[in-house]
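Next come two complexes built around chain A: one with chain B, the other with chain C.
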Partner chain A sequence: MSANGYEAALSRITSVRGVRGAMVVAGADGLVVAEQLMEGIKGAAVAALAASLATRLGRAMEAGGVGTGVFWHLQAERGALLVVPARSGMLVVAVAEPGVNAGLARLELLRAAESVA
Partner chain B sequence: MTARAVEGWTLDPLTTFVQEAGARLVLLMTPAGQVLAQSGFTRAVDVMSAAALGAAIFASTTEIARQLGEPPFAGLAHQGERHGIFLAPVTTDRGPVVVLAVYQLENSSLGLVQLFFEQLATDLRAASPKGVEPKQVLAADFERELSDSLNSLFGR
Partner chain C sequence: MADDIKQLSAQLAQDPHSLVFLRLGELLRQKRQLEVAQRVATNGLERHPHLADAHDLLARIQADRHDYEHAFDEWDMTLRIAPGHTGALKGLAFLYFKVGDLTQAESHLREAKKYDPEDPAVDQAIAMVRGGAPAAEPSPPTAPVPLSPEVSEPLPEERIFAGLEGAHEGLLLVDASGQVLGGALRSADGQDATQAVAAYLAGVSQEAGRTAKLLHLGGWMGLSAEGPQGNVHLTAPTSDALLLVVRDRSVPMGRLAVIAQRAALIARRWLERQA
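Showing the complex of A and B:
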């Protein structure tokens, strides 16, 4: 996928009201592949920690016999982290405000994950 | 995992880095290969080899950068099937410190190591002794200095 392709996929996610940034992250490395983030969000830190979490969650799901994760929504006091793993091992990550329309954001994350797969 | 330091000011930053980044082996050394601290090594001979190889890699990449007219590289990463290696320098008041970290891909990642390396660099700069002239090690003294460091690290 070209850099423009990543940009287009991320633009669709960040156009959802309440989404403060979106990233494509290499799941194995925890490194940022592409990002569109509002100022103040530490992209490298979010990427590294989200990838680490994804690995551990994946193991937990495997151990629990519930299959592969398709969407994670972590709600915190001042925001949320939404993650969709792509088939290629990439992660599509969105950082959002607490009141984000999670359904719409999820839809755009899944579309983006299809395009980066 | 036990961290040991020849120079005490490196111990807390090293311990924090090991815990946060999930690194399996970490070596703090000077660019000449003098060991300042280590975590995860159980044998002196392994520390000696790692320090020599790390210093050689650092010297090689620094020279490549010089020939390219670039400042020294900020970091070097190599990923294998099960382990990754990260090598990067930190400038402190004590002089440059080279950090060599080995991490298991199962427990950590390059992103995590790079992320917490930034914190390690900040902590080392804050903890390093101020107003101390970096000691130059002469070739004649190197072996004795290395031997002293290893004795200190492995309690012999």
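Showing the complex of A and C:
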């Protein structure tokens, strides 16, 4: 996929009200492939942790018999992290404010994951 | 009783909007025809969604079917519609008793007594909750109050979530190092997945906390995930414990979070009692 393709996919995610940034991360090593983040968000570190979290949660889910995750939502006091894995092994990640429409953000993440697959 | 059921069924067939479904549902419940009783109650509720007695009827049927989670919801709804509904107050007392929350059980029974001071079953149940009553008779069918002696004993570890849907196959409480404190998980093929999942959870919690901190999001409150065969919700009832709730995909993520909150409350109380 071209850089422009990633940018377009991420733009759709960041256009959802309450989304502070989005990125595409290589799931295996946690490296940033593309990002559109608000200033102050450490993309590389977030990518590494999101990939690690996704891996660990994925193992727990597989052990529990529910299969590999298709959408993860970390809820915190002042915001949220939303993750959708693409078929290629990449992760599409969004950082959001607490009041984000998680359903809409999820749809855009799934759409982006299809396009980066 | 069989004739009554036939007669009431005929009446209901003639007038589907009739409130006769309340008596019919109750009779069917007493006859232990619980599936049919639930169908009657559910159909009645569709026509009378704001009728407190209809929610109470459905809750009693669900309690009889050991579907305590939905029974809780229905009795909760009953009280929202009719705050002094003694049937719902006694029903909730029964459910709290089942999970070992004696304070809430007694509080609901006392509330019921305010509205129905002459009901001897309430006094008996209060005495039972306080542990001072002699072995009591089984709970009457119309008022499932906590009268079963065996459940007044302290809850053993495996019964932390007793009364909650999926207590033995879809709820897991572990400590910070991934040691199982209570509950159990079964995979879709029926295999015990408790230990395998517990071993991974401590790492998940650590990464969730680090990620939230790095993003200046404050403390993490929950982690939900959708899988092809089910949905999960992870939360931390206390700073050194983790609770995982697993359900099939028919349970929406929002409802799963509510189930997790309820289970976390029970887990927190249980952990406090162990301290």
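Keep this in mind: the second predicted complex is superposed on the first by the 117 of 117 C-alpha atoms of A that agree within 3 Å, B and C clash if a C-alpha of one lies under 4 Å from a C-alpha of the other, contacts with A are read in each partner's own complex, and residues count from 1 in each chain.
The working rule: contacts are C-beta pairs under 8 Å (C-beta built on N, C-alpha and C of every residue); 3 or more make two chains touch, one makes a residue touch a chain.
All figures in this text were calculated on a predicted structure; none of them were measured in a lab.
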Q: Superpose on chain A as described above, then tell me if chain B and chain C fit or clash.
A: fit
(Q) I'd like to know which partner A:Leu110 touches here: chain B for first, chain C for second, both or neither. (A) neither
Q. If you stack the two complexes on chain A, which partner ends up touching A:Ala28: first (chain B), second (chain C), both, or neither?
A. first
Q. Of the partners chain B and chain C, which touch A:Leu37 in the superposed model: first, second, both, neither?
A. neither
(Q) Which partner chains sit in contact with A:Ser52 here, chain B, chain C, both or neither? Use first/second/both/neither. (A) both
Q: Return the chain, chain B or chain C, that is in touch with more residues of chain A.
A: C
**Q.** Angular separation of chain B and chain C about chain A, which is computed from CA centres of the superposed model and rounded to the nearest 10 °
**A.** 110
Q. Touching A:Phe71, do we find chain B (first), chain C (second), both, or neither?
A. second
Q) Which value in Å is the smallest Cα separation between chain B and chain C when the structures are fitted on chain A? A) 10
Q. What is the shared patch of chain A, the residues that chain B and chain C both contact?
A. 45, 49, 52
Q.
Give the list of chain C residues in touch with chain A in this complex.
A. 185-189, 191, 193, 196-197, 199-201, 203-204, 207-208, 210-212, 214-232, 234, 244, 246, 253
Q.
Please output the residues of chain A touching chain C within their complex, sorted ascending.
A. 41-42, 45-46, 49-50, 52-53, 56-57, 59-61, 63-81, 95
Q: Using the touch rule from the top, collect the residues of chain A that touch chain B in their complex.
A: 25-26, 28-31, 44-45, 47-49, 51-52, 55
Q. Within the complex, which stretch of chain B touches chain A?
A. 79, 105, 108-112, 114-115
